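Below: one structure, written as structure tokens.
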Amino acid sequence: MNAIILFDVLLLVVLLLIGVPVPLCFAAAVLLLFLVGDFGSASFLVGAGFGQMSSLILVALPLYIIAGNLMGQGGIATRLVGLADAVFGRLHGGLGVVVIMTTAVFGAISGMASSAVAAVGKIMIPRMVERGYDRGYATALVSTSAVLALLIPPSASMIIYGWVSGTSVTASFLAPVLPGVLLVMLFCFWNRVLTRHMPLEKPAQAALPVVVRDIAGQTRRAALGLAMPMIILGCIYGGVTTPTEAAAIAVLYAIPISIWYYRELRFTELHGVLWRAGQTAGTLLVLVFFSAMLARMLTMENVPQMVLEGFLGITENPLLLMLLLNLFLLLIGMFMEDVSGILLATPMLMPLVQALEIDPVQFAAIIATNLGMGLITPPTAPILYFGALVGGSSLSRMLRPTLILLLGAYLPVVLLTTFIPALSLTLPAWVLGYGH
Amino acid sequence: ATSLRLSTLFAPDESGTQAAEELAARVAERTEGEVTIDVYPASQLGDWTEVHAQLMQGAVDMAIQPLSTNVNPQMAIAWFPYLAPTYAEAREAYSANGYVADLVGDMIDEQNLALLGVYPAGMGGAGFAAEVPSPKDPDAEQGLRVRVWPGGTTHRTMMERLGFEVATVPWAELYTSMQTGVVDGQIGGTAEMTMANFADITETWVQYNDHLELAWIVINQQSLTRLAPEYQEVVRDVAQEITMERFEEVQAADQAQLESMREAGITVVTFSDEELTQFADVVRQDVWPEIADELGEEVMQRLEAAVAAD
Amino acid sequence: MPLPYFSSWHAIWRVKVQLLRGIVTVAGGLLTLAILVQIASRYLFRTSILGIEEVILYLAVWFYFLGSALGAEQREHISASLVDVLAIGETPKRWVHWFASLLAVIICAWMTWWAFGLVEWSWQMNMRSTELRVPVWLTQASIPAGLGLMTFYLLVECVDNLRHLVLRKEAP
């Protein structure tokens, strides 16, 4: 059976790389295992996938996508940029900081890195190039910092992790926040270093009262948009609603704000927002459906146990095992985007995580930072490629700054998240009393 | 040699999983390894409603778990409130040839399943992350919100009658929901389950004895008849042994769990015989008529008769 | 968007897509509404409505599967393809595209057939939901419906890819 499992995973990866849609790669892996194994009727497998995906926890996913799209179309990105610009725009390399801060806050409104690239990239990359930033650098910075959407709640990846691992989404949302903040600080540091020799246009200086007035004005413009994450988090952590219910409230809030207050979305366009969200969410959930079928078969064949034994066969040193775990996730992240990676890796790694006595909430942060990094790690780097498309930059021009940000910001954060549990568990402990 | 997949919802360290492993060990021993049973604990093969369907399809051979009401709503008899609030009554009703066991055996026979036995996990109750103002008064307004499991229609009605608000929250979110205060408590489990999952956030445990929390030991009929007749006997015998052994020890096991709750600083509310009778009477009188539809007339009559006979 | 071959085909195509979008929008709207009703019932009416979660999940699965069919129509697949990143010639690339889309059609069709099996089984067993006692196959029918439509759109894509391969036209 071992050989068949290996062949099955190989098939999955090959189909993935030749461009078969990812959900159907999982389906093909299911099909192969079914044809060679002893699983009785196929309909139970479909039932297993369906039963798993019929989850109230997962319903949060389409709702946050709807809310994010409403706000995204409602021009919140422009307003966030305006605010960040008023605060940081006058520093040297300030536009870089504006990008980092805007994507971080935008991440609190949207759960998808791609939305952050589209919304922030479209505004910021041309503006940065105009002021003398290297196009490759600007694009790389937008792409790498867009991944913050995964780490800052709400996050599609954390909803899926919580669902697949049986961990509370409420707690999983909080785990990657501090690693995300650390990442923001490292991005700012590297922005300072990397822009030092760029021929940047000097930002206009202004007197303090002018600056303060500007900031106050921009804050007012952005306030109702900024209130959305506050409402979401308040509902969840104030003990009012579950994460799924909070998402519905976010939708309810976003509709009037984007239509009547920001007036950038017409009522008739709601139809478009809804079906496009259905398209995005549906595509993700069909992936969830097939991956649940595959995970069930792998469980029946005791694969997670075999993975554990495989790891323990290499070494029994916990520190080395933690490094191996990261290496494994890094490898998955190279070839898969975050959602597929979480769906494939989590069930397989759970026994190892338990053996290493890693808290599942900490593992949420480990997997989020690793697979988030995977989104910008070639060969399969959808966010990097999407960024290149949005920013009109060649990949080769983005390579150097991307590599520096990967090695100088992401990698340290991944390692710190792995080896310092407090980094991911402090916030859940403080907010929820998690872990006591 | 034949190998069977057995699914259970109990966590690896819970007594239910240990019973499943004991069952597997004895079957292997007495069939000299000809029949091996692989135990999949902690709902690895799906939650219990889903595994029920898989049992019918033969994708999972055996299970130790509750059975869903998807095919037959009368299956709710397993947790019908105050049907048998004492250990003696429960043993009478649920062990082999008891009237509930007979009914359930007939019901699942139509679903391509065979009843081998039952695993009584413990007497049911409710755990709260708050103080319960008047737990012994069935007529008081408690001002607390309790989570009822999906499909637990009987217990929604019962808890509302007992002065609580009811809510439904996904199992995976239940812990944090009790922590943040979306809900105040949970019903549908035992003291052992509460200690395993909610020990540190539980302030009060009310031992309602509303139902005997049990897991049916069932097997797919083809999976059973595929075995040689003597091995079928072994499987049946071992399941019955496990059933009877657990009935012997369940009361003591519950007491031990209540004791460890007290040690953990949890307020444990238990009822005297009179108080228990009072609760049973209230629920039978006010709640049963409202939930009688679940079981149908015929079963209800049998149930009323059994209760009247006590 | 796929190329319009004939005007009547094009018209049917558009009506079908519009209909699909309409259903997805309605399902998404009702889904949100049902959750809001659930919250309101908890805080305003101090109770929970029996079966509301089942309603939410029924709407959700139809929203998902028909939504994914829309994704296939728009050819917005989640893809991890290396083909477009690698420096290989245009013709080999087209071959791989065609081959991948052909595999997708076969796999998706197979899964649609499996899904029909589940619906049929639930129908025969008269499986019903636990709270509202609604037939389970009504919700499970979303799987073959969504996957069936996906198969159709993938087939159209596959034929397009073949045309580009044979006619050496630019990909859309």
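Letters are used for the chains, namely A, B and C, taken in the order the chains are written, and counting of residues starts over at 1 for each.
Following the convention adopted for this analysis, contacts are C-beta pairs under 8 Å (C-beta built on N, C-alpha and C of every residue); 3 or more make two chains touch, one makes a residue touch a chain.
All values derive from a computational prediction rather than experimental measurement.
For the pairs B-C and A-C, the count of C-beta pairs in contact is higher at A-C. Farthest chain from chain A, judged by C-alpha centroids: B. Chain centres here are Cα averages; for chain B and chain C they lie 38 Å apart. Distance between chain A and chain C, defined via averaged C-alpha coordinates, is recorded as 24 Å. Counting partner chains per residue, chain A shows two or more touched chains at residues 41, 43-45, 47, 55-56, 241. Of all residues in chain B, those that touch two or more other chains are 49, 53, 57. With touch defined as above, residues shared between interfaces to two or more other chains in chain C number as follows: 53, 121. Residues 49, 53, 56-57, 68-71, 73, 111, 145, 150-151, 153, 156, 160, 165-168 of chain B touch chain C in their complex. Touching chain A in their complex are the following residues of chain B: 5, 40, 44-47, 49-50, 53-54, 57-59, 169-170, 172-173, 175-177, 179-182, 200. Residues of chain A that touch chain B in their complex: 39-41, 43-45, 47-48, 51-52, 55-57, 162-163, 166-171, 236-243, 296, 299-300, 432-434, 436.
Chain contact summary for the complex, chain A toward chain C: residues 15-24, 27-28, 31, 41-47, 50, 53-56, 58-59, 62-63, 66, 241, 244-245, 247-249, 251-252, 270-271, 274-275, 277-287, 289-290, 335-337, 339-340, 378-380, 382, 385. Taken together, the chain C residues at the contact with chain A in this complex read 21-22, 24-25, 27-29, 31-32, 35-36, 38-39, 53, 56-57, 60-61, 63-72, 74, 76-85, 96-97, 99-100, 103-104, 107-108, 110-111, 114-115, 117-118, 120-121, 139-140, 143, 146-147, 150, 154.
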